[in-house]
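Below, chain A partners chain B and then partners chain C, in two separate complexes.
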Partner chain A sequence: MSGETIAVRVVAAEAITPTIKRLRMVARDGARLPPYSAGSHTVLTMASGERVIRNAYSLLGSTLAGGAYEVAVLRAPRSRGGSAFVHDHVGEGHELTLSVPINLFPLNRRARHHVLVAGGIGITPIGAMADELAKVNASFELHYAVRNEARGAFCGDLAGRYGERVRLYVSERQERLHVHDILMRQPLGTHLYVCGPEGMIGNVLADARALGWPETSLHAERFLAAAGGAPFALRLAKSGVATTVGEDQTLLEAIEAAGIEAPFSCRGGVCGECELPVVSADGEIDHRDHYLSAEEKAAGCKIMPCVSRLRGRELVLDL
Partner chain B sequence: MTIPFKTETFRDDFTFSNSEAAIRRFPFPFDRDAYMYAVNIEQHMPGPAKSATEFPIDIDEHYVAEMADRDLVLKADPLRCQSLPHMMTAEWDLLELLMTSMARDYPEHFSLERSGREWHWINRPLGIDQRFTFEDPATLPLSPMEYITRQCQGDFCLLDQRDDNLWMDAGIVTTQADWSLDFDLGMNFIEWHGPVPLAHEIGVFERALKFLLNLQQGRPVRRLNWTMTINPRLDTSPENYHRWGIDRTTVTPDNVGDKVHLRVELQALWRLPRSNAIVFSIRCYLIKMRELVTQPKWARRLHRVLRDLPGELADYKGLTNYRETTVAWLSKYDDGAPTSPGFHPD
Partner chain C sequence: MPVVKSRPVWGRLAPSPFARRHLVFCEVAGLGAVERAFAGTDSIRQRTSLNLIVPPDFAPARSERLDALGFEAVHEFPSVETVLVRLRVSLSQAAMGTLLYLAGGEAFLDQATCLAEACGVAGDGVQTEHCGSTGRRVQCVHCKGMMADVTMSPVVCDHCGLHLTVRDHYSRRLGAFQGVCADAEAPGVLPEPTRIDA
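Entry: the complex of A and B
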């Protein structure tokens, strides 16, 4: 594991909607967990039989200053095992390992006003932001789009806590979130934060850009749930290891399963920590990360193994 | 172990000196006989017992005198301590980091009791006993950053992280090697490093910044930087250049041993938990040439480093006036014997 880890025990596990499970965790040794800033995530390590699963989840709430950590896990329809494992096997008393919190989706503390936009489970970091902004009396508004109220996690909580500052959009009631209209009426110095499905993030950012918003005022949590793909052969040149990357395994997981230690942090294609040099690729590299530049991707000399893979026969890495 | 704090000055009569123990623990910055800029960043792991890196925050025999000097600087120039409004959370993070480290590592001098948000801090060397409420600025006599850094050796900068850059948005800087917080406040990593020669060209700052943006909680890092100072003066600021600049012309072959000081900065960086800011500490150590040459390896090595230093670096560091005189003086302590690798004296 790269970075500091914390051994935790689940002290509460609750289905807050039919597809979302909330876990509350404390340190096994009773020590206080470090506080964190809104937008932080942690990487959960779970042992499923022989297999080690690692998934990144946003931390709920913020600055609990020594309290417990909470995450909300959506059962992904095409789960490679992580979210299904949490839903089917993780309950009170279960022991897990966490990375220390890392923030790749921080608030801009100099903003005059904050517009928070969440879709579905994207509410997890966005809700934490609302928490923190309310605590320091900063100006914000929260727009939350859900399919129906029963499935929208925390709808009631949020409305209760932030009242007027929260708007809910329930698509089953034909309520549409018109980001364009919201952005139109914002004062200069406003920052926008969005987390939700890829398509939604794309639309929101496109609206903002069309209205001339500067890039530095736009923030998106672009966590990718690493998806699988066709299997391929993997050779690690320095360690002399040959293995296969399975259909529902990531490249990084295959490297770890072969007993080779590799650096990582977000496991979602954004932080850049796991970058590895490519020796050769018999096939086409399927770059799925948000870290490498377009030129770097085209050059094919580097790969982010937490999300990217090969469409082809064999990949050789300098590891 | 109780540290015997010295009574000494860093101005006027300059009574500062190092004890033998302080000389042995001096963080000598050269691990070979030559020097060039590099991304010299390493994990801030505990070093050997009694060394300057044994604990994350190093308190030594100069503590009380340095804090008195800081007070004089701030009285004359309050702009040495500044903080933009959005840095308040980072200030509390810093206060927590310093109080918990100092109380844990120097329990005979400092103690901290915490009961929820109610904290009780005792600083015995400075005679301070303070109860306050964490995150309630009204319960402290000063802002959290100024309050705690007036009780901790080293300058501190608080860096806000945004737009894939670090911004110097708060700090207390009273023991600096010729740069100004008032000037740099609000600048970003690349901007405030603007004056440094050569390093930009070899990509040092680009790589260092990329690394720091990913700095993790609980994994602090450190690096050493160095320059030289005439007389043991802590406050070599641009603001006071008229007071100390002239000192550089006063070095003669007879006074090198006492006047010329190697000035080493042990710089450490921590990711702060609540604010996601980074704190950069600049802990300054001074050693006289006369003290330094008591370690034969250091004497040989400094002679060679200084003799062969690229001219741009010597100019930037302000050594040009007295470099030759100092190299000549040090040459008496260099018999040409090989030096062992690493920082430590033989």
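Entry: the complex of A and C
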């Protein structure tokens, strides 16, 4: 596993909506967990029988409540195991391992105003940002789009805590989030943060760019839930290992399952930590990450194994 | 002269068609860069206002040059200090979608980018082009006084009179290089003067 890890125990597990479960974790040895900034994530390692599941989750709150960490886990409709495992098997007393938090989605502390936009479970880092901004009395507004109030995590909490700074958009009530109108009227020096479904992030950023917002002011978290695909053969040239990447397995998971240490951090195609050199590819590399440039993807010399895979017969990596 | 790693890297003005308003602040030395960058962009020029520092001795022929720009508005200011007051007000009243352009000497760019950054305007939200003086803006780390257009090191502090060595250290927060007492250990023994504006 990459970097430092911390052994934790779940001290509270609560279904906050029918599909979202919140876990509160403390260190097993009683030490205070390290502080972190809003927008940080941690990778949870869970043992499901023989299988090791590793998923990245945004940390709730900011620097936090008494040295504990909290995450909110949405049961993914097509879970490859991680979120279903949390919902079905992780409860109070369960022991897990987590990575030291890393922040790939930080607030810009010199911004004059912050516009936070969340869709669905994207509220987890965005809610942490609101918390941190409120604590330092910074100017912000939060726009949160959900399907219905019952399924939206923290709707009531957010409204109670931040009052008029929060706007809720419930699609079942035909309320639509018109980002364009919101972005039209922001003072110069504003920064925008968006987390939610891929389509929503794309639309929000496109609106902002069309209205002349500079790239410096735009921040998005696009963690990908790594999806499966057709199986293919994998050979690790340096280690001399040959294995198969299964339909429901990521390339990174297959490497780990073969007992080979590979670097990683976000496991969502964002951070770049897991980049591996490609020796040869009998087939077409299916680049699914947001890290490599278009040129790098076309060149086919590198792959991000946490989300990307091969459409073809065999992939050989320099590992 | 040693390479100044923290020294800001200035760019080249290139108006963005996406910006809804364009705010230009420049010294006379930067006027040529503004003329070049905004040439042939009618729709952009109609949404552009220019704030120009015009020293009292600047040739009166300027009005034709300024008219030829075809900007929505042109405002003239007698000094860097006065134009910075205007910049602060403009930034506080502007909306997102406004792009800031700065052109002029090192000391002007130092001060204007510093002010913009303090207002949350940085990165590709502000374009710069260096024209004219390469003298640096220096802060005396002892009395905190600022000096513009410093070209030699050591330099005598305008405010407290100490001899200062201009260090290769730029503070974006202050928009200035750091000047440190040059003869603290052996008063009166000064290093050879060197040009720092090369």
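Brief remarks follow.
Operating definition for what follows: the second predicted complex is superposed on the first by the 317 of 319 C-alpha atoms of A that agree within 3 Å, B and C clash if a C-alpha of one lies under 4 Å from a C-alpha of the other, contacts with A are read in each partner's own complex, and residues count from 1 in each chain.
By definition in this document, a residue touches a chain if its C-beta (ideal position, glycine included) is under 8 Å from a C-beta of that chain, and two chains touch if they have at least 3 such contacts.
The model shown is predicted, which means the values in this text are computed figures rather than measured ones.
Considered on the superposed chain A, chain B and chain C are sterically incompatible, since they clash.
In the superposed model, A:R110 makes contact with both chain B and chain C. Looking at the shared chain after the overlay, A:T216 reaches both chain B and chain C. Look at A:S37: by the touch rule set out above, it reaches chain B but stays clear of chain C.
Touch criterion met: A:R185 reaches chain C, while chain B stays clear of it.
Legend: residue contacts after superposition of the two complexes on their common chain; A:S265 is shown touching chain B, with no touch to chain C.
On chain A, the surface touched by chain B in one complex and the surface touched by chain C in the other have residues 108, 110, 216 in common. Of all the residues in chain A, the ones that touch chain C in their complex are 108, 110-113, 183-191, 209-217. Of all the residues in chain A, the ones that touch chain B in their complex are 3-4, 34-37, 39-40, 63, 65, 100-103, 106, 108-110, 136, 216, 265, 271-273. If you check the complex, the residues on chain C that touch chain A are 16, 18-20, 91-92, 94-99, 117-125.
Put simply, chain B touches chain A in their complex at residues 84, 86-89, 160-163, 210, 214, 216-219, 273-276.
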